[in-house]
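Each structure below is given as structure tokens.
In the two complexes below, subunit A is the common chain; its partner is subunit B in one and subunit C in the other.
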Partner chain A sequence: MIVGELSREALTGGLADGGLRLRTGPVVTRIQSRFPRVAEGVALHYADYTLEDTDGFADFHVRIAPPRSPRRWLKPQVYFHFDGASPFLPLPADQAFAMLEWGLNWCVSHHCHQYLIVHSAALEKSGCALLVPGAPGSGKSTFCAGLVSRGWRLLSDELTLLDFDTGQVVPLPRPVSLKNESIAAIGQFAPSATLGPPVHDTVKGSVAHMKPPTDSVRRAAERAPPRWIALPRYERGASARLTPLSRARTFMHVADHAFNYDIHGRRGFELLADIVSDSDCFEFRYGALEDAVASFDSIAGAA
Partner chain B sequence: MNAVTAHPMLLALRDPAALTGLSVAQWETLVCQARRTNLLPRVAVTLDGLGLLPQVPAPVGAHLEAARTLARAQADAVRREVAYIDRALAATGVPIVLLKGAAYLLAGLPAARGRMFSDIDILVPRPALAEVEAALMLGGWASAKTTAYDQRYYRRWMHELPPLKHVSRRTLLDVHHAILPTTARLKPDSAKLLAASQPVVGEPRLRVLAPRDMVLHSAAHLFCNEDVGNSLRDLVDLDSLLRGFAQESGFWSGLTVRAAELDLTRPLYYALRYVAPILNTPVPASVLGEAEIGRPPPLLRGLMDAIFLRTLQPDRVGAAANLASLARGSLYLRAHWLRMPPLLLACHLITKALRREQITAH
Partner chain C sequence: MSSPSALRWRSVAPGAIAWREWDGEYVVRNERSGNSHLLGPLAGRVLEVLLETDRALSVEDIVTALGDELAPPDTFDPHPAIDVVLSEFQRLGLAEPEKR
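Up next is the complex of A and B:
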């Protein structure tokens, strides 16, 4: 069964009672919440995702809930609960869905050490993956949303999972997190994209999520080998420019952006070295999404 | 005490071979409980030792592998960090006694297998404290507690320096001069611990506590510490130590005498009282009899049974969860009660209540 097949009552009731077991790529998370914003966010962004049976295995159990204090009514707050603990400070209740998204990222980045996990977007075209590792503010998510809305398959926006046996990207497609000016930029660039309501005054400023394309969600089991690595840099007014980057520097950059490179030791080094050796590596500056997408379309077309 | 056996986490510790009979739902509960108690890598290592990993459902196996990778990396990091500490203190000539996890690891004890590590603890003679701190500062360790209150709290009342953090590696180091706070009611003599400490094979300056002292320290840590979240892990440490040392002849016979020398008969009594029924640790009846010298008054003992057995159960829901939470809260208070006189305690808890530190989601 997929989320979109549930009536709104069934979805809200499921989240409120025993929780829903949502499959995202290789991960199943049981999500519980009574917050309408969580139900709305799940209904909108996860409509195409599979719900697992209650007798299946859930990797993580999360709950988005109000505090047991007057702050459930007065300037309401929301907590993220995981395994019975709440690892983060509470947020204002209107950020409930964003907190779920950040919490789900945390679950994966802190526990799924069977993979090398890189803070990177990953996209697929012609059977090959493009990795876009980047710090917040580099324009990674905007670029990712741009490519996704022009036919690239979304493998992941935030967390690229790399499989040790095959060196392939294990897709974990989830909503793309857009911040501040990017929200309007994507709204203009891709009028048909589905964006959730923006929430303001988060630690990252204003945040809105973009629903992943149905095709990316349905094909989440199809892995792809990395073929290109591009380090993005958004510069207002700049024309798109790709500059080849040495493999050594690319390696260091990707290792810097890996969540768990340090715990894998030699195995992590070798996996990353193989991936970087097999990829074309670039620095990529862009000022307009149209140019940016065209550059990578031509690279993928030439491959 | 039979209720505790129903939990998958306790089953994993008592009878790991029986885990292959778990349903998917029970495996799911086990992963949650093990993750929460920092024992998931321990489960992985145990199942591997029994050759049972291939029989584990695939999604569970992925968690076990991930946890093991993390624990292995932490063990490597601890070894590396101990080498740095050793190097930083070499010129002082002060012997370094490793405590807890780092000691189990460097001494090659079974208690280190699949154990998670958070910081490193060392014990040095109190007169050498200033010299040790200065040498560590030169090596790049700086106090992780920056407020005047924290500095005073540790330096005047605690058994350790304010925790140190290495400026580039971000690793944590606790430098102890005793195993319980200066203000605590129980006063184990550090000089006795240091005198009985033993060298680590192949490490000229590193030492660990003698086997009995290691057990007694583990017991003191479990039953006097406010770190209630790790209680089950601490009990597992104790179980592993006892099982390991039981092989050495004469270990059991001197345990209670040593507890009396170190003013730790009460923690030893509690340790043996809970570790045997919960983890099936084989403790000779004669030792249980001798340990009775540390027995608390009946009313207190009843209360402690109610509290400890609740906090040592990994996962509870509904009313049971509220009781467990109350039990954890009372243990936290008890730990503080044991470590400070009442007035000092009241001042300290008020100061702490006015500040809260947590991390933010992003």
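Up next is the complex of A and C:
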């Protein structure tokens, strides 16, 4: 069964009671919450995702819940609970769905050490994966949303999982997190994209999520070998420009953006070095999404 | 402290170093420190020379081992550059001077 097959009552009730076991790529998360914003966000963004049996195994057990204090009523807040603990400070209740998303990222980045985890978007075309590692503000998610809107398969927006045995990207397609000007930019660039309501005044400014394409969710079991690595940099008004980047410098950049490179020691080094060896590496500056997408469509077409 | 030129140098145990080279640039992981480093062509080749031998090498030995890879002596004196490389290797824990 997928989320979209549940009635709104069943979805709300499932989240409020025992929780729903949501599969995202290789991860199953049991999500509990009585917050309407969580139910609305799950219904909108996860409609195509598989629900596992309520008695089945879940990798993570999370709950989005109000505090046990008057803050439940006065300027309401929300906590992210993970296995009974609350690893983060509370946020305003209107950020409940964003907090769920950030919390799910935290669950994966801090626990899925069977993979090398890179803070990177990953997309697939022609059977090959493009990795887009980048710091916040680099334009990574905007670029990712732009490519997804033009037919690239979303493998991940935030957390790229790399398999140690094969070197392939293990898809973890989840909603694309857009911030500030990017929300309107994607709204204009891809009018048919499904965007959730923006939430303002978060620590990241205004945030809205883009629903992953159905095809990307359905093909979440299809892994892809990395073929290109592009370090993005958004510059207002700049024309798209791809500049080759040495593999050694690319390696250092990707290692810097890996959550658990140090944990894996030599194994992480060898995996990353193999991936960089097999990839074309670029710095990529862009100011307009149309140009950016065209540049990478051209590269993928030539592969 | 002695200048690097006056000393003989060993890399840390080869098993403690993982490295790759692409187009003359190197990435190196030092298992002892857990750190990874980006090395330029000269530093990378000096490390390779140290890793390939089981004896301590002087700067002159390293210059000899690199031979024709270095620019002609009348245009480039490699000794000061290798001194700098070895001092940096010591700081990073990639090589150390032999104790006398």
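We adopt the following convention: the second predicted complex is superposed on the first by the 303 of 303 C-alpha atoms of A that agree within 3 Å, B and C clash if a C-alpha of one lies under 4 Å from a C-alpha of the other, contacts with A are read in each partner's own complex, and residues count from 1 in each chain.
Following the convention adopted for this analysis, a residue touches a chain if its C-beta (ideal position, glycine included) is under 8 Å from a C-beta of that chain, and two chains touch if they have at least 3 such contacts.
Model, not experiment: these values are computed from the prediction.
Asks: Which partner does A:262 contact after superposing on A: first (subunit B), second (subunit C), both, neither?
Replies: Both subunit B and subunit C are touched by A:262.
Asks: Could you look at A:214 and tell me whether it touches subunit B, subunit C, both or neither (first, second, both, neither)?
Replies: Neither: A:214 stays clear of subunit B and subunit C.
Asks: Look at A:113 in the shared chain and tell me whether it touches subunit B only, subunit C only, both, or neither; answer first, second, both or neither.
Replies: first
Asks: Examine A:126 and indicate which partner it touches, taking first as subunit B and second as subunit C; both and neither are also allowed.
Replies: Neither partner.
Asks: If you count the residues of subunit A that each partner touches, which comes out higher, subunit B or subunit C?
Replies: Per-residue touch count on subunit A favours B.
Asks: Tell me which partner A:251 touches in the superposition: subunit B (first), subunit C (second), both or neither.
Replies: A:251 sits against subunit C, while subunit B stays out of touch.
Asks: Look at A:84 in the shared chain and tell me whether it touches subunit B only, subunit C only, both, or neither; answer first, second, both or neither.
Replies: First partner only, subunit B.
Asks: With both complexes overlaid on chain A, does A:166 touch subunit B (first), subunit C (second), both or neither?
Replies: A:166: touches no partner chain.
Asks: Look at A:57 in the shared chain and tell me whether it touches subunit B only, subunit C only, both, or neither; answer first, second, both or neither.
Replies: A:57: touches subunit B, not subunit C.
Asks: Can you list the residues of subunit A that touch subunit B in one structure and subunit C in the other?
Replies: On subunit A, the residues that contact subunit B in one structure and subunit C in the other are 262, 265.
Asks: Which positions of subunit A touch subunit C when the two form their complex?
Replies: Touching subunit C from subunit A are residues 246-249, 251-252, 255, 261-262, 265-266, 269-270, 273, 276-277.
Asks: Can you check the complex and tell me which residues of subunit B touch subunit A?
Replies: Interface residues on subunit B, with respect to subunit A: 24-25, 27-28, 31-32, 35-36, 57, 59-60, 62-63, 65-67, 69-70, 72-74, 76, 315, 321, 358-362.
Asks: Contact residues on subunit A for subunit B in the complex?
Replies: 26, 28, 55-59, 61, 80, 83-85, 87-89, 91, 99, 102-103, 106, 111-114, 203-204, 262-265
Asks: Would you tell me which residues of subunit C are touching subunit A in their complex?
Replies: Its residues touching subunit A are 18, 20-23, 25-27, 29, 31, 34, 36, 38-39.
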